[in-house]
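Note that chain A is present in both complexes that follow, paired respectively with chain B and with chain C.
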Partner chain A sequence: MSQLESLKPNLLYAGFSSSTSVGVASHALAKARKAIDEPRNAVIQSRVIPMLDEISNTPSHKALPEKLYDALASFKIRTAGVARYLDSAWRAKFFAGLDRLLDVEAWEIGDSPPTDDSFSTLLRALILLRPERPPGLGASHDGKLLAAWTVGRDRLTLECLKNDRVLWIVSCSADGEPERAAGEVHISRLSDVLAPYNPNQRWFQHAPQEARRQS
Partner chain B sequence: MRPKKLDGNHNLVRYVPAARLRTDEDGNVVGVFGAAFRLRDNEEYLSATWAEYFNDDNCSNNVIQAIRAIRKSEMKPTKKSGFAIGQIHPIQRECQTCSAKIRVLHEPEPDNDAHAALRGWRAVTDIVLERLAEDAWGEHILNADVPP
Partner chain C sequence: MNNGQYKRAPIQEAIIDLRLDTPCSYDAAAKAARKAKGEYFYSDPEGINEVTLDTLTGKHTSKQSQTGVKLSSLDRADVALFRINGFTSARLAPYFGWDNFCARTRRDWNIYKTALAHSKVVRIGVRYVNRIDIPTDPGALRNLENYLTVFPNLPPGQFAPMTAYNIQVVRPFLVDNCNIIINSGLIPSPLLNHMSLVLDIDVGCDSHIPIKDADMWELITRMRAHKNEIFEGCITDESRRIFDQ
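Moving on to the complex of A and B:
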């Protein structure tokens, strides 16, 4: 019994919380499951399997590809839930952007996948702003989603925080003079704070091909 | 030995993961995000690679050698990642706009002899990081575009 009890802390041993060793951790869990599937181990099956289930279902112990897959699925399901607000061609481009961002080949070991909180903020902000052009997507190392619109040297960047708050950064030229501004607001005020920069004409509409080529 | 302060006319190359490359809605890379220059909680300084360490008369060759040095380091750049290139003086000048005094020092690391540390970086604000991404450190090259 004491050996069984000691198995759980061993499986949780250092590294399972580290992103560099989550692959090793998953492999160890799979091996452990295979070993206890042997018929002679029927007695311990009832005790150990629940422990393994508990460990492998804990998000921090999932391997990176699994975390990215889960995030992608979750983001697409959430988006589908508000599909009536989004044009289907727009949604297809937005999904393609999510696919690119959460591609395991493009992801950095050590970075946190984007959080559900950040995605909720992004999705709500997009429904409120209703841009004709979907944003280019990025992510900070700590799981905050970044949304970007770029036309020539005019740039709008949104960093999506939790609880419907965004950090916005504008860089554009007004009457030939460079102008920059930034702030943190609730998404309900985002349209108001961006209004002086005319975002619909400047960034959100499909820009002429020439301007896009210069960006 | 005290770390060497780097010449303001020299160039720095910083690795930029794919998620911090600024793209348009079709996935074309159009720049880098300011977040590419943000410190992690456990970092004391911003890391970059000093291009002129490689001592070639041609600046482009130095940058390419710096990228090769990054590839050989523990960093292991992914296929879709890129590199931001910037000159030291303009980077420092931009940081001064938020009263951040940045010292750029040659601090070799076991896996990268050309490693440079930008100290004092914690004081740089998000808006200045975004401005660096636009101008002083905004030139970029994709990993896939640099020959092995």
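Moving on to the complex of A and C:
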């Protein structure tokens, strides 16, 4: 869908509208809001923002259940954009994790659902790391997605920031001694910084029993 | 010619669109959606907002109207739009083939058609949006002709690699009274260290549409074959290699 959003504003499209049209309209409204937020446009803010709120289906004060519903839809549609790189069973487990994470029962009024920016970083990191096991998913109070792989007492956690940056936290035992490490890195360097902990064998592969079930 | 059996099929979205000569009532479209709801997980209303803004006084009026219902599967990949002006079926990636997509679309169209008192199709569209992911640093894509046979051609000059383009080609097709619309452009890739090309092919027909349903679906199947022929003609072996990696 994102490719259509990029193309549509520049093209007079003579064909039929597709299922993406709602997304394109939302995109246009978001762009309009962003332009109005520029300081030089302060004069018109008071007049136009209320109008955008009225005509948009995504006002800033939208209720939490609606925000969660929209976030879940957006994440699944974004995942379709890279589906060719994902195994179908892996994708199904990942979606089940998203369904659980964004279940309205698990949230409280005032929480911020995960952002598209954070999800985009998660998705791109997962395509790079190619873990056999989908991560367990969580969210921070301020809208960042957390991905975690746990085996015994060893745990790797990624907090997905915007612009392809992640905060990584490792907690494992080395020679019987507990060891913890953390850092912030661009996802292009993630494999390198995690290499000393051998994440593929330690966290990303299926356990032997699980691997048998998979096959 | 490939039969669409690429290891990593480039299809991002497949769409079949059937447009009516006169809009039906919202109630009829919603009734059809309710009948089809059992096959889907999500049901979302669709509407449009009309806004009038007086720039001098700042006064505005807005009017909302419902235009249909969108049904989606749990993974949001199967979509059916029961609209007042027609029916649209879409499939996002991963794409599981024409037989699967066509069978679902036909099933839902029959539900939609049954809910209408009168339905004459005046336009059929078969549209496929494809994306080619090319491993390269952003802003470093050279030689577009390595991937597509349809591309913007510049005169010789000292150009840096292309950072953006959009082209649209609209041409009548000499078979089945179809029109072809090809959109292509360079877009940010969902993958790191890649650039992506969109190849969006829409085969449309708005004349001599068969009245009998069976004949109409035969036409739709032929339109899909035309789309495949055009797609294969628009890509190069290098693109095929990428799809099979």
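Keep in mind that, in the parts below, the second predicted complex is superposed on the first by the 150 of 215 C-alpha atoms of A that agree within 3 Å, B and C clash if a C-alpha of one lies under 4 Å from a C-alpha of the other, contacts with A are read in each partner's own complex, and residues count from 1 in each chain.
Methods note: a residue touches a chain if its C-beta (ideal position, glycine included) is under 8 Å from a C-beta of that chain, and two chains touch if they have at least 3 such contacts.
Fair warning: this is a prediction, and the values are worked out from it, not measured in the lab.
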Between chain B (first) and chain C (second), which does A:Ser171 come into contact with in this model arrangement: first, second, both, or neither? first
First (chain B), second (chain C), both or neither: which does A:Ser118 touch? neither
Tell me which partner A:Gly138 touches in the superposition: chain B (first), chain C (second), both or neither. first
For A:Trp107 in the superposed arrangement: first (chain B), second (chain C), both or neither? first
Greater residue coverage of chain A in the superposed arrangement, chain B or chain C: C
On the A-aligned overlay, A:Phe95 touches which partner chain: chain B = first, chain C = second, or both, or neither? second
Show which residues of chain A both chain B and chain C reach, each in its own complex. none
Residues on chain B engaged by chain A in the complex (per definition of touch): 17-27, 30-31, 33-35, 38, 40, 78-81, 126-127, 130-131, 134
Residue numbers of chain A touching chain C in their complex, please. 1-4, 6-7, 10-16, 18-20, 22, 47-48, 51, 54-56, 73, 76-78, 80-86, 88, 91-92, 95, 99, 120, 123-124, 127-128, 164, 187-188
Please give the residue numbers of chain C that touch chain A in the complex, ascending. 8-10, 12-13, 15, 17, 19, 42, 46, 49, 51, 53, 58, 60, 62, 70, 72, 74-77, 79, 81, 88, 90, 92-94, 123, 125, 127, 129, 131, 166, 168, 170, 181, 183, 185, 187-188, 190-193, 196, 198, 200, 202, 204
Help me check something: in the complex, which residues belonging to chain A touch chain B? 93, 96-97, 100-101, 103, 105-108, 111, 133-142, 144, 146, 148, 150, 153, 155, 157, 159, 167, 169, 171, 180, 182, 212, 215
